[in-house]
Amino acid sequence: MSTRGYSSDEVMTVTAARALADGMACFVGIGLPSTAANLARRTHAPNLWLVYESGTLGARPDTLPLSIGDGVLAETADTVVSVPEVFNYWLQPGRIDVGFLGAAQIDRFANINTTVVGDYDAPRVRLPGAGGAPEIAASCREVVVVVRQSRRTFVAAVDFVTSVGYGKGPGERERLGLRGGGPSRVITDLGVLEPDPRTCELTLVSVHPGVEPEEVRAATGWELAVSPELATTPEPTADELAVLRSLTGR
Amino acid sequence: MIVSLEEGVRELVHDGDTVALEGFTHLIPVAAGHEIIRQRRRGLTLVRMTPDIVYDQLIGAGSATRLVFSWGGNPGVGSLHRFRDAVQNAWPAPLEIEEHSHAGMANRYVAGASGLPFAVLRGYTGTDLVGRTANIAAITCPFTGEQLTAVPALNPDVTIVHAQRADRRGNVQMWGITGVQKEAVLAARRSLVTVEEVVDELEPVPGQVLLPSRVVTAVARVPGGAAPSYAHGYYSRDNDAYQAWDPISRDRAAFGRWLEREVFGRAAAAQGGDAAR
Amino acid sequence: MIVSLEEGVRELVHDGDTVALEGFTHLIPVAAGHEIIRQRRRGLTLVRMTPDIVYDQLIGAGSATRLVFSWGGNPGVGSLHRFRDAVQNAWPAPLEIEEHSHAGMANRYVAGASGLPFAVLRGYTGTDLVGRTANIAAITCPFTGEQLTAVPALNPDVTIVHAQRADRRGNVQMWGITGVQKEAVLAARRSLVTVEEVVDELEPVPGQVLLPSRVVTAVARVPGGAAPSYAHGYYSRDNDAYQAWDPISRDRAAFGRWLEREVFGRAAAAQGGDAAR
Amino acid sequence: MSTRGYSSDEVMTVTAARALADGMACFVGIGLPSTAANLARRTHAPNLWLVYESGTLGARPDTLPLSIGDGVLAETADTVVSVPEVFNYWLQPGRIDVGFLGAAQIDRFANINTTVVGDYDAPRVRLPGAGGAPEIAASCREVVVVVRQSRRTFVAAVDFVTSVGYGKGPGERERLGLRGGGPSRVITDLGVLEPDPRTCELTLVSVHPGVEPEEVRAATGWELAVSPELATTPEPTADELAVLRSLTGR
C-alpha cells in the first residue's frame, strides 16, 4: 500500500475493470482477470456477462471464485454448458467481446507465453501450459492482458508462443486467419500499454499515478516506446476501492 | 456393475493403459487416483484437460510415463511441483508430455465420443504448440478452401469420473459443472464411475448429465471420493487442502512421507465407501 | 426484445431470406409460419430437418422457392401433398430442393453454431444423395487417411423456434424434446422465439435448454403458437389435426379455402398473443 | 383378419418383435418398427433399450407413440439428448445393436429407397426422403427391415438408394467403409427374407402360416431365391396378440 491509499495491484485491477463496458460478454480467466471482471460487475457494468471456461454462462458470483470451476459460478449462472460447448458454441464463433488473459511472459508484439521458460525440451521452468488461452487470444473481439510488469515478464521475444498477440508484427493476424482483434491493451501495476496502430508494438500510453515512464521502461525487456500523448491513469475512486476490498477480503 | 473401488481399479486399470480421470475443478475422482497409486500401476499414459494435484500425486508416485493435457496446475495456488520435477529433472522417472489447448482437448474427446478419427476447430494457429506433436494438423474446408486445424480423437482405455449419484442398474447422474466428463466416458473403451450415493431412483435435477448404464462399465460407491475438490450438493471445495499441497509438492521427501501416510497407509475402503456399505 | 408476432416477422423475415423454423415434432413454430404466409413473404429458402404441415402450407402458399431438408412428411399420417405438388408439378411455383440425411443436417447446424465452415461425419456413403448436391463432399482424416464425409455449415438468415417460456430480458427456456433448436438458433444471424409465457424468473426445469438473451433477437408471446404440435407441460399434440390435414393438402382448391379461412382470415393476434396481452 | 385369428400385419409385427433380444439397444423409426419394438418390450424383452431419433434414450412409452417426438417418449426416457447428440454420440460410434427401418422400395440386395419413385428430377412420386435412415443403415450392428411385400415395393433395383443394404453385392459394404453389419432380415406380411451369406441376395427363409412360397415370389419384382431349408414362421402366441392389440387399440 503506497502513501496514495491504494496499492499498485489495486490500481491495476481497477484500471482493468474499467476496460469492460456494461453489457459486454467477457471470457474470464481466474486470478487478476476474475477479480477485475467481478469488480466491473459490482460498479459500472452490472450487466457484464461473465463466461468461464468451465461452462458457466452469465455467472454472477457473490463472492470471488477461487477457481474457474467454483460452485458459486454454477449456482449463479444463467446456464451451465459442457466444456466442448463453451469453446465451440460460444468462444469459437466470435460471440465473446473481450477475453481477459494473464501471462508469464509477454513480448513487444503482445504474444503470450504460459508454457515454458527456456528451451521447450529442457525447460528452466515448466509452466502450466495453454489452457483456454490460445483460442481466447484468437477469437475474442479484443483481448485485455492483466499482468505485473518486470523485465522477467516483459521480454523482447517470448520463449514460447502459447497465445498469439500480433505475431511478428502488422498483418500477421490476418495472414494467420485469426478472426478476433487481438490484444487491445496490456494493463500492469505500472501503467497501460497499447499496440501502436501502425507497428503493432506495445507502447506505453498511460502511467499510473506516481509512476515515472522511466520506471516502466526499466521494467521492460525491450526499448519501450512511449506515446507522445502519455496520460496518467485516473485514480481509483473510493467506491471502486471499497468494492474491490470487499471482494478480496482485504 | 456395482463394485468396490479396489475391485473397480483392479479390473479396469492395467499397466500401460491410457487413463483419463476427468473433472473440471468439480467432481475430480481423487480417491480413484489414490487407489491407482496404491495398486502400483505403472507405465500409464495419463490424459486430462486440467491435471491438478491428484495427477501431481500420480506422477510423483511414478505411475505415469506420459501425460496428455492442456493445463497442468494447482488451481488458484500455482504450479504442480511433482509434474515440474518430472519434466525438468525426470524424477522419479522421465515423463513424456503431449500438450494441447483446452479447445483442442475438448474436441479430441468429442471426436472420440462420436466415433470419428478427428475433430476440426479454429485453434492453435500461429502458436508454438504446432509442430510440437504430430497430433495437430492443418485441414482444408472442401467447400470454402479455408484452412483449419484438425486434432485426432482421444479414446482412452479407461475413463474414470466421479458423480453425485448412480442407481442400482448403473445409470449415473451428475450436475453442476459437468465439464467434459460425458464425452470422456463416451470416448473410452471402459469406464469407472465413483459416486457419492447409490439410490433406487434417480430423481431428475436441473442441469443434470445422465450417463446411461450401457456406457458405464462399473460404479463404485465412494462418498467423499472427490475431496479435496467438491461435489455440488454434497460438500464444498477444501481450498486449504490445495494450499497445503504446495509445500508438500515442492519437496521430494515431504511428498514421500505424504504418499506413505495418505495413500499407502490407508485401505481403499478407508478413503471412501465400498460396495458393502 | 419482446415484440408482437406481427412485428417480429415483419422486422426479422425478409423476402429472399434463408429461414429455418425448427422443431422436432415438439414445439413447432406454427403460428410464426402462418404469419410469414400472412405477410406474403416470397422467395424464401426454407430450411428444416423435418418439414411437416406448416412447411406444406408455406410451400402451397408460394412463400418458398427452395427447400433444404432431410425428411418431409406428415408424421404418423403420410406425405405432404403441397410439397409433392410443388416438386412434381411446380405448383404454385417451382421448388428447388436440396436434401440430406438427418445426421447431415444436424451436423450442418452444429458447424453453423460453432463458427466452422463445415462438419465431418460418417454418413451418406454409398447413397444416391451423394452427387445430388455440391453440399456433400469427401474428406480425408489427416491422421489415419480414412475417408469421411463433409457437409457445409448452415447459417440461416433467421431461425424461428417456439419455446415454453422467456423472461423479460429475453432469456428463453425450453424442455422436453428440444431437437436441434439450440444449434439452429446459434447458427442463425437473427432469431425469433415465440413462447407460451413471459415470466419474471425462469425457474430451472430438469432437461431444460436455455438460450441466453444475447443470441435471441426477439421474443413474441404466442400462447398455443406450436399447435397442432405440442408444448410439453402446456398442451398435447392434436393428432386429429394432422389427420385432417391430409385431405386438405391433397386438393388445391381445398387448400386455397383453408388458406383464406385459417391464415388470411385471421389477424396475427387471433392466432396467439401479442406483446400487449 | 384371416381365419387363423390374426392378420398378416399382426404376424409381421410379432415376427419383427421376436427379432429383438432383451437388453439390446434398438434405434426405432415410427410406424411398424415402433409397434414391433414396443411389443417386444412388453413381452420377451422388458429391458430393450429404445432410442428414437428425436433424442429420447431408453424410452418406455406406456402408449404407442404416434410420432418419433411424442411427449410420452420424453417423459418415460432415461434421458433426452439433442438431435445432434443422438446421431453423433449414439448412432455413429456403433452403440446401437439393431436399427429398425421401413421402405418404400427395397431391392434384391436390400438397398432401400424412401426418396423418389421414378426419375429424381421428374419424380413419379416424391417420398418423404432420408431422415435418419442412411446412417441407421450404415452404423447399427444389424438392421431389420419391416415392410409389406408387393411387386411395387420389392423391385429388382431401387430407383434411388436412400440407405445402403449390400449395395451391388458381396464386399461392397466393406469397400464403402460402412461399419455396421447391414440388413440381417426383412420381415414382411408374407414371410422373412435374409441375405444369402455368399451372394448377399435376399432369400426367402420363412413363410408365415398359410402363405405359399409362390405367393411370396409373385409379390417380388425379381426371381426370388428360396432357401432349401424354408421354414414356416411360428404362429403368434395368444399373449403376443393380446399385447399387440392392447397397444394398437384394436
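Each chain gets a letter, A, B, C and D, in the order it is written, and its residues are counted from 1.
To be clear about the criterion, contacts are C-beta pairs under 8 Å (C-beta built on N, C-alpha and C of every residue); 3 or more make two chains touch, one makes a residue touch a chain.
Heads up on the chains, UniProt names are A, D = 3-oxoadipate--succinyl-CoA transferase subunit B; B, C = 3-oxoadipate--succinyl-CoA transferase subunit A.
Predicted, not measured: the structure shown is a model, and the values here were computed from it.
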**Prompt:** How many Å are there between the centre of chain A and the centre of chain D, using C-alpha atoms for each centre?
**Reply:** 58
**Chain centre separation (chain B, chain D; CA means) in Å** = 41
**Prompt:** So how far apart, in whole Å, are chain C and chain D when each is placed at the average of its C-alpha atoms?
**Reply:** 28
**Asked** Among the residues of chain C, which are close enough to touch at least two other chains?
**Response** 115-116, 121-122, 146, 182-183, 207
**Message:** Show the residues in chain D shared as contacts by 2 or more other chains, in ascending order.
**Reply:** 79, 88, 92, 139, 179
**Request:** Would you identify the shape of the chain contact graph, picking one of line, ring, star, complete or other?
**Result:** other
**Request:** Pull out all the chain pairs that touch, please.
**Result:** A-B, A-C, B-C, B-D, C-D
**Asked** Across the complex, what residues on chain B touch chain D?
**Response** 113-116, 171, 182-183, 186, 210, 212, 214-215
**Message:** Residue numbers of chain C touching chain D in their complex, please.
**Reply:** 24-26, 49-50, 69-73, 75-76, 79-80, 83-84, 87-88, 99-103, 106-107, 109-110, 121-129, 132, 146-147, 176-180, 182-183, 207, 209, 230, 232, 236-237, 239
**Prompt:** Which residues, counting only chain B, touch chain C once they are in their complex?
**Reply:** 115-122, 134-135, 137-139, 141-144, 146, 148, 150, 152, 204-208
**Item:** chain C contact footprint on chain A (complex, rising order)
**Value:** 25, 49, 57-58, 78-79, 88-89, 92-95, 139, 179
**Asked** For chain D, which residues are in contact with chain C within the complex?
**Response** 30-31, 53-56, 66-71, 73-74, 79-80, 82-84, 87-88, 91-92, 115, 120, 122-135, 138-139, 160-164, 167, 172-173, 176-179
